[in-house]
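In what comes next, subunit A is part of two complexes: it sits with subunit B in the first one and with subunit C in the second one.
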Partner chain A sequence: MGANTDVIVVGRGPAGLLMATLVVQHSGTVTIVADGQGTLPLWGGQWDFRNYADDGRPLVDPYQWWGDLLGGELAWRTRWSRVATLWHELGVLESPDIPNRNRWILSPLGHLRPTYLAPRWQWCQDQPGQFILIGFPGLADFSVQAMARVYEATSGVGVQAVHLPTPPGWRPHWTAINWAWYLDSRAGQEWLIGEVDRIIDASPTPLAFPQVLGVDGVEALRERLMQHLGRVVGEVALPPPSVGGLRITRRWERWLKHRGVQFVTGHVTGVTRDSAKLANGRQLSGSPVLASGGILGGGLYAEPAGNIRDPILGTIVGSLPQDRIGSVGHRQVRSTVPVIGRMVGGWDPDRHGDGGALTLWTVDEAFDAIWTGLGTTEAAPGVVRSQSLRVK
Partner chain B sequence: MVVVIGGGASGLGVAWDLLLRGIPTTVVEQGDVGGGTSGRFHGLLHSGARYVVVDPVSARHCIAENAILRVIAAAAIKAVPSYFVSVDDDGDRYLSPWLDGMNAAGIGVREVPLGQVISAIPDLNRQARRAFSVPDAVLEGFTLLRLLRDNITQRGGTVLTHSQVTQVHQVGGVVSGVTVSSRGAERLIVCDAVVNAAGPGAGQIVPMFGDQIEMQLSAGMMLVFANRRVGHIVNRLGPPGDGDILVPHGRTAILGTTDIPHGSPQPPVLQRQEAVYLLEQGERLFPGIASWRALRAFSGVRPLFSTDSNEGASVRRRIVTRDFTVLDHGMRGGVKGAFTIIGGKWTTYRLMAERTVDAVCRHLDSWVPSRTAVTPLTEASSQGDPVGAIVCECEGVTLDTLHALNGDMDTWRTRAWFAMGPCQGAICLHRGAAIRQSIVGVQAAMQEFLALRRERWRGVEPVAWGDNAREWALTEALRHQTLAEEGMNGR
Partner chain C sequence: MWAGEDACLKCTLCMSACPVMSVNADFPGPKALGPEWHRRRQEKDVLPMEHVEDCTFCQLCEAACPVAVPIAHLIAQHKQIRRRTLKIRIRDAVLARPHWLARTAGLSSLPIPEGARKLIGIASSVTLPQRRREPTEHLGPRLATGRGAVGVFVDCYSGGYDSELVFRVLALLDLWGYDARPLAGRGCCGAAAYAAGAPDLACRQGQLTWKSLRDDVANVDTIIILNATCDATIRYEWPRYCGIDGNIPMLSFDEVAWNAPEEFWEHLGSVPLGQGDRYLVHTTCRGKVARGEGYLVQLMARAGLSAVPSDADCCGAAGAYAFKAEHQATAHDLGYYLRGEADKVGAAGVVTDSGTCALHIEQLTQVVTRHPAHWLYERYRQYLREAIG
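After this line comes the complex of A and B, so read on.
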């Protein structure tokens, strides 16, 4: 037998980290076991609620769309304030009041798309308006001229595009991550502020940067830019590896480690209600929660003949091509052991833009299932024992 | 002037042969060069070893052409060790007739110690019994098509893409010209002869020549694996069958093929069932192949043709000859000066072209011998080391390279291998769209982008398993979320 914690979270994507967060916030102990990095650095850091209606049109009011589903408005507000509070603790600032409506963010193609909760660094609009796109040399994911053309064609508002020159030491292979590390350095920050000051006009028009304004130092750099240039500065999230998700992952995992969460690298081959078995023979004891992901996350395996298998539970949850690859997953949270994440419930998070909400909801459900075993929603340190945390 | 219908290997081969004999020519291709069967094969330059028992004529053609192409198209041929491996009783039974056939066809064959082969190819079936080295090689189809096209245009030939011959004109029963429709506009090309080299589509052209032919089309599926797991060409020794050949191609390896009767010149919709079947057949050579990372499937339509229609239906398709036929429609009661080249293989395209142009010369009554066998295809310009920002990371394609190609995204794909790597466009297609916008505008660039996205999915979908399924799940999430690529409508 190995580590003994109240809960074993399998997987370290957003669902896994959120589950661990909830448990430690209720004074439980957690082991997170995963065989790779989580999926959070694939995305820009925004947290979707419900972006599109069933017919594909963008949604303004996600609360209205959800109505009484999955607990209704009160439950959703509680869930969202949990994320907002956590982000505050992580230093990922969001306004203390959670938003009532979706806002618009820009895609690297120049399309506007809705999202719900976004970090302060994210370039957001309530409605289409003027801004200046700042192009970075060699950043193929952020072609400012093309974005400006698409934005103008789809929103009717013309925007400017300007280009930065190359800084000393730049190489053509630099990706967003290289830029972000460079802009964490003092030299990079001085260079950026100097150059941006030089190439833009004196208007108060907001600036839209690619999401490269530093990894750990983004808030400080953004603040300096806004002070110096006297205008709003925001970032557009880019395709993976995405700096926004990377920032949150680093802070969040550090936060969890400071609260005693153990991170184990390993491949889970099987679970019971009170243990998890690893490929290297190690056994962990505690109540497992599967946050191992769908096909993308690696928690589900698509077999050549088309069956979609959960290798840990040994169940088949769907089949291709009958199921859509973006929506196939477990149908319910309360399985042999709880299963959490955006792919649970048979929703279609890619198309509907509700992956964040599904993560929140499934984590809630799984936490409930575990906490019901305790017989209370109040937990004092030392009171929670692994025995009482098991799923009924 | 001779008009050639079809811009695949045989059509371009005919045009090149004509030009070398001093005959002006125009190629009319309905899509892009290599958009048909020539762009959809396993990449094998045959030695003929596959055909020595069932089709000795083709085998002899193959070995002769193999030697010629290595000289005239060296840039498109990659010499890699090639083996026939016996893995079961089928192989052992086939051995003796096969070796006899190899001797008769004059194809060099040498037995290789099994230990040596297995240490070179760790993935090979450990139950393998015997292995023989043969002179197969890798033929890079798109490279050879580019060489042909470049040399044709340098010699004053014309290649019209996205164009169709809609009518053949005649004077006194002899071809006098054709009407060509290009992107909505029609024009008349005056000519003395027409060569139908439309591959699987040849049967649909022939009625314009006042003739009818019966095609025997068959579709073959191939699977592309994301890594060059095996650096050698490996054939399973036995009668030609399904899933019995693996060809390393660039950074990938291609498993071929199936052989299914097919009614249309257009490739069939790819089925997962067929991909799985192919994989199972591939297991006989490579028992772990199901765990290799599949990248995509594709399918080509073989333009087979049986001169004896009674025989065709009753014989197994593999036995239908891979030999080719030149039809002189004038001799068959149709229009004089109209010819069809049908059947054959990529490897024998040059010979097919030579025989076709021989017939055309007889019709034109001006005999000049073919020079294609002794005239190397020259590289237009050697491309220097790629510099500039990288657009497609899988294949290392840079912005400069794409600008230099001066074509649409599909041209980038076939020429620079853009979006052909493990991510199948997940990370690079939107970058390409941004580049194209400045040239063709927002709408056209987005259409090109979404069309290529769909084209990639068609090949990935039937092999969406394991890591490949994971990659595609990433693509789906990315295109809906990060890129919001369908914009606000059309989701």
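After this line comes the complex of A and C, so read on.
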């Protein structure tokens, strides 16, 4: 049952979910096959375009850096508006418009980092400004004193740091995720609003929280805080488990399920142009797309000799020079089954902060190829044909 | 012992997936209770951690893990060493043997006063199973013939409390052209015992059950399993954790139903949908882990019903979990999510393929909650009434 769909997406990370989204938005049917969760809950939720120049310095204008690459500005704006529209549908509120430039977010150590598209819950600013850091008990990755020191030293702007006490029912094992679930509850929200009101001054200085302001109820709590306290409230994404990514994953997967997408638990052991075989012997029919090469995907193996092997196809899809760990894949695929995601040969998304853009681009290309192959002669609406990737 | 038992990367995806953490602030989470505890115990004898027994054994942590650590199964071992009072040990020994309870199901109509519940550690407000009495009627002429001999594995709950479900399944299978009968061997697959932290007992139960079925299954082409938890246990847990390999085709009820004759679906499709007849579909946690999600919605939609998937991860019933006094709050809070969904959808019914989950969900949503076979049977009866009179 459910064994025949237009597309079979192998992998459940951001690339796989985005591919499935494009297919259902064009009235196609999709099965997502995965034997793990996908890495989205590990991320803070922001979607990067290109954060750093080749020399490692932060980039202000990513459009200028990309230039005519991969379709140029028009193609990129179309791709980004697709993410923004999707976020709206999921109930994730993004920045007011598709930004023209990178904006600044805070790292958990108080450094300013560039990023492109961030949900509105994220602490995000166009230039360094003043704010109050709110410290939570037991969050080792959110030391407000250290953050204030680093921020002052690097930006020249002084910030204030305050500490919340422990709420009733708090346990020393609480991580960001426990805090977020607690703050989804009415008791947690009342406690937070009362305590923050008590410890901060009456100025309109914005507040920066760690990313713990609820899982499913973050927008409502943030709105209540802003109204009650009369100031801007934002969050700083923490290391995993990163609540921002979890919020998006939950909403996105639900959105897909409610649109008839099948989620199949299983390990894919082989694919052809029109089928995928699972380890339990089951066969699925449809056009496969491999979205299993993410940072925890297990979809691509780096062999000792430096070859990158795709275990599903059994083929070598690239090679890995020693200085290029983290950058494998797409262009060297010797098969006709599309591979999507941030792992693109010759690129280094961890160093340059362009994994979001590479995901958008590879999904676009794969969707175009598959949708055309499924009987449409034109590129599907909203899909941008781009020139081939020129590796920089 | 198991592949992957020490592969934890500490990526924390298991914590993101854990439903118990969403409602229980005391619960330390799967990473701490599973792989981290397991690493510590290699060095020395370690004490069990508090609240380890709050784990529902939904296995969603395990399904989320990118490196296949058997997280929930490590937690089940962890549960095994916790200290319990004699009273709780006796209660747990009984609840880990649902086939015993099924045999005494006739006693279930006797009320257990609150004082007695407290004495034996049973949740004060939870509905205990009652024998269901609904007549099953013949479904008319067969729509196909010669589709083979199938044996229905009757789970403890259905065997004890819902034998009508079994009769309805047999009526449907007969209608679809199968030569169907319940398997004669009877026992527990071990799901309840494993979930409650008695993996050795669970595997012994599984082995005895398989042994009792073995002669009987030689005469059937396929075994059909009605309960999603038993299905996950028998098809996926038995071979991996208990060394039992059935070596006979096994299918869950919905997989067989999907291959029902086309005429069956045409008949169901011809029945007009009542206004507001929407059904909330809950795929059990174990079903999600073993097989995925979406197949029950598809099945109900094919039957001409308006089916909406539930977003609940685990309903909290978890075998005997919801019956235990110490889990009352967690089980309630997990399941209560479905109440909001059922209200929002305006659900005429809830669909789920596990008897204990159905009992728990029905109590919390106040909406009739039944196995997909029940809804298919009812819909076909409706067709017969309206088309034939």
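Simple rule for what comes next: the second predicted complex is superposed on the first by the 347 of 392 C-alpha atoms of A that agree within 3 Å, B and C clash if a C-alpha of one lies under 4 Å from a C-alpha of the other, contacts with A are read in each partner's own complex, and residues count from 1 in each chain.
Convention: contacts are C-beta pairs under 8 Å (C-beta built on N, C-alpha and C of every residue); 3 or more make two chains touch, one makes a residue touch a chain.
Note that the structure is predicted; figures quoted are calculated from it, not measured.
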Fit or clash between subunit C and subunit B when superposed on subunit A: fit
Touched partner set for A:Q145, first subunit B, second subunit C, both or neither: first
Partner chain in contact with A:T154 - subunit B first, subunit C second, else both or neither: first
Which superposed partner A:L42 touches (first subunit B, second subunit C, both, neither): both
Contact breadth on subunit A, by residue count: subunit C or subunit B: B
Touching partner for A:I177 - first (subunit B), second (subunit C), both, neither: second
First (subunit B), second (subunit C), both or neither touched by A:Y52: first
Partner chain in contact with A:R186 - subunit B first, subunit C second, else both or neither: neither
Subunit B versus subunit C as contact partner of A:L109, first or second or both or neither: first
First (subunit B), second (subunit C), both or neither touched by A:R198: neither
Subunit B versus subunit C as contact partner of A:A237, first or second or both or neither: first
Smallest distance from any CA atom of subunit C to any CA atom of subunit B, in Å, after fitting: 5
Residues of subunit A contacting subunit B in one complex and subunit C in the other: 42, 173, 240, 296, 298
Touching residues on subunit C, where the partner in the complex is subunit A: 9, 11-13, 15-17, 21-23, 25-26, 28-29, 32, 63-68, 254-255, 258-259, 288-295, 297-299, 308-309, 311
Contacting residues of subunit A [partner subunit B, same complex]: 42-44, 48, 52, 56-58, 107-109, 111-113, 137-141, 143, 145-147, 149-150, 153-154, 172-173, 237-240, 242, 294-296, 298, 301-306, 320-321, 325-326, 350-351, 353, 355
Contact footprint of subunit A on subunit B as seen in their complex: 272, 275-276, 279, 290, 387-391, 398-399, 427-428, 430-431, 433-435, 437-438, 442-443, 445-446, 461, 463-466, 469-470, 472-474, 476-478, 480-485, 487-491
Residues of subunit A that touch subunit C when the two form their complex: 1-2, 35-37, 39, 41-42, 169-171, 173-175, 177-178, 181-182, 184, 215, 240-241, 246, 249, 254, 257-258, 260-266, 296-298
